[in-house]
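Everything below concerns the one structure shown next.
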Amino acid sequence: MKPDDKFSPTFHFPVQIYYEDTDFSGVVYHPNFLKYFERAREHVIGAERLAALWQQHGLGFAVYRSDMLCHEGVEFADVVDVRTRFYFESKYRTVWQQEIWRPKGTKPAVTAHIEMVCMNKARQLCPMTPPLIEELGRHFDQAISL
Amino acid sequence: MKPDDKFSPTFHFPVQIYYEDTDFSGVVYHPNFLKYFERAREHVIGAERLAALWQQHGLGFAVYRSDMLCHEGVEFADVVDVRTRFYFESKYRTVWQQEIWRPKGTKPAVTAHIEMVCMNKARQLCPMTPPLIEELGRHFDQAISL
Amino acid sequence: MKPDDKFSPTFHFPVQIYYEDTDFSGVVYHPNFLKYFERAREHVIGAERLAALWQQHGLGFAVYRSDMLCHEGVEFADVVDVRTRFYFESKYRTVWQQEIWRPKGTKPAVTAHIEMVCMNKARQLCPMTPPLIEELGRHFDQAISL
Amino acid sequence: MKPDDKFSPTFHFPVQIYYEDTDFSGVVYHPNFLKYFERAREHVIGAERLAALWQQHGLGFAVYRSDMLCHEGVEFADVVDVRTRFYFESKYRTVWQQEIWRPKGTKPAVTAHIEMVCMNKARQLCPMTPPLIEELGRHFDQAISL
């Protein structure tokens, strides 16, 4: 991924491919890529922080859009590198650019553009809390003003 | 399944095997059988009834034990017959005997003994409500006294 | 969906939402929508036909692109209507427009644009067989010439 | 787990619980425990070794029996410890005792007895290869003679 002022730095997250991830065609079943992207986002945000946000503030993130391109099959026993960067589009919405790289790959096997919105338990759009924006904003070189 | 005074009649529930169900070995990935057994139980109990029980009474069923034997592989595009019968062991617990039959099978491909307990949202053991026991008990020829 | 000369008629496929489909936020976990779309496509194409295509010709379909918008949460015990239509973009590629409608919904809860390509077991792009194109083409009013 | 001459030492494998693992009751959906047990076994055996065994010898492992007890719910954001030990029952069969421990748990949340058999691609019972038995046997203090 090329550096881009708008985006956070790139985070790397490894995912090992198990039996459960494949289908009879021999490669990863495509909806599972969305699972790996979500796991990687949860590591960027912090699973503990997500759990606290839900329990204390009744807030969570929902995927509003996922646009994914599958360029290459990913195989059993691969340990892939999930690369993730994001930016705040507004107080309500984050935009994520994510890629899956196979071991020794020269280009990404899967690429995705994903948009997440912040919602309360009644599934109404809500602004992210200022502490959350500040904490996630520490990933950025420049100050974020939303 | 042989008739048995203790058990309800046998319920039949079809499940089609899709890409998502298989793994690279070419057959159904074994934890998925537990999903089909659960779907079949939800049809016996009634999904609407389960949803109401959760929303109105804060009660749900949790699998306490699942003992499963996989005798034969199940393949993509199979439409299997999930056979289910159960009995009330107490006000807290139901016991289920479930089988998966492939098309044209002469014996079950998978067999399972499953125990479910009734719990509240704090995951404390709770008795099933009398109307629930009565409604599920209609499946039995004989009266149930718990 | 509006009629469109390019597209097949709209196919309807019901999917019941089970425990396995939801996550702790209370609604369907978003990657599962891609599973329902795939199940619906398998019913349009025919699971038996897909199995035969793989076993006899070594051909299968791979999702190249999936662009999905999640407008509304889908809940446990819902029986949703998956609406599907498609067209042949070339001998290699089909394009699918798919939607998920909740019971009594006035607009789709989820919409998707999905592209599938035909591949051999070595994951090389291959043209669909003429009989397959002819059989799938029966869904169209007008002749297809690829 | 208590030491036992028959068993290998206990292996520890961490699993983080993500959105995908839970259902609307708020805890892990029970069939997913079988996935974590399988991941842990794949780490004991070695995913690369499993991939090579399949590609070079046409051999794989199938779960013949899984008997699982769920004592306690496991929650989102938990990092559980999957504890695994096993022994060779014969050249064809391994027996696994596995447990899931929550952070700060004083007893296992889930326990399981799992039996795996070695099969070829036609799903016929086959003996494990001598090098495989030898390599896995290195986990044991005592020599294994099958």
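Each chain carries a letter (A, B, C and D) given by its place in the written order, and its residues are counted from 1.
Everything below uses one rule, namely that a residue touches a chain if its C-beta (ideal position, glycine included) is under 8 Å from a C-beta of that chain, and two chains touch if they have at least 3 such contacts.
Here's who's who by UniProt: A, B, C, D = Thioesterase superfamily protein.
Small disclaimer: the values here were computed from a predicted structure and weren't measured.
Peer 1: Give the label of the chain whose average Cα location is farthest from that of chain D.
Peer 2: Taking each chain's C-alpha mean as its centre, the farthest from chain D is C.
Peer 1: With contacts counted as defined, which of the two, B-C or A-B, has more C-beta pairs across the interface?
Peer 2: B-C
Peer 1: For chain B versus chain D, what separation do you get between their C-alpha means, in angstrom?
Peer 2: 25
Peer 1: If you average the CA atoms of chain B and of chain C, how far apart do the two points sit, in angstrom?
Peer 2: Going by mean C-alpha positions, chain B sits 29 Å from chain C.
Peer 1: Would you mind pulling out the distance in Å between where the CA atoms of chain A average out and where those of chain B do?
Peer 2: 35
Peer 1: Name the residues of chain D that each touch 2 or more other chains.
Peer 2: 19-20, 24-27, 31, 35, 38, 76
Peer 1: For the complex, give me every residue of chain A touching chain C.
Peer 2: For this pair, the touching residues of chain A are 24-27, 30-32, 34-35, 38, 54, 60, 62-70, 72-73, 121, 123.
Peer 1: Which residues of chain C touch chain B in their complex?
Peer 2: Going by the criterion above, the answer is residues 16-20, 35, 38-39, 42, 47-48, 50-51, 54, 75-77.
Peer 1: Please give the residue numbers of chain B that touch chain A in the complex, ascending.
Peer 2: 19-20, 22-27, 29, 31, 76
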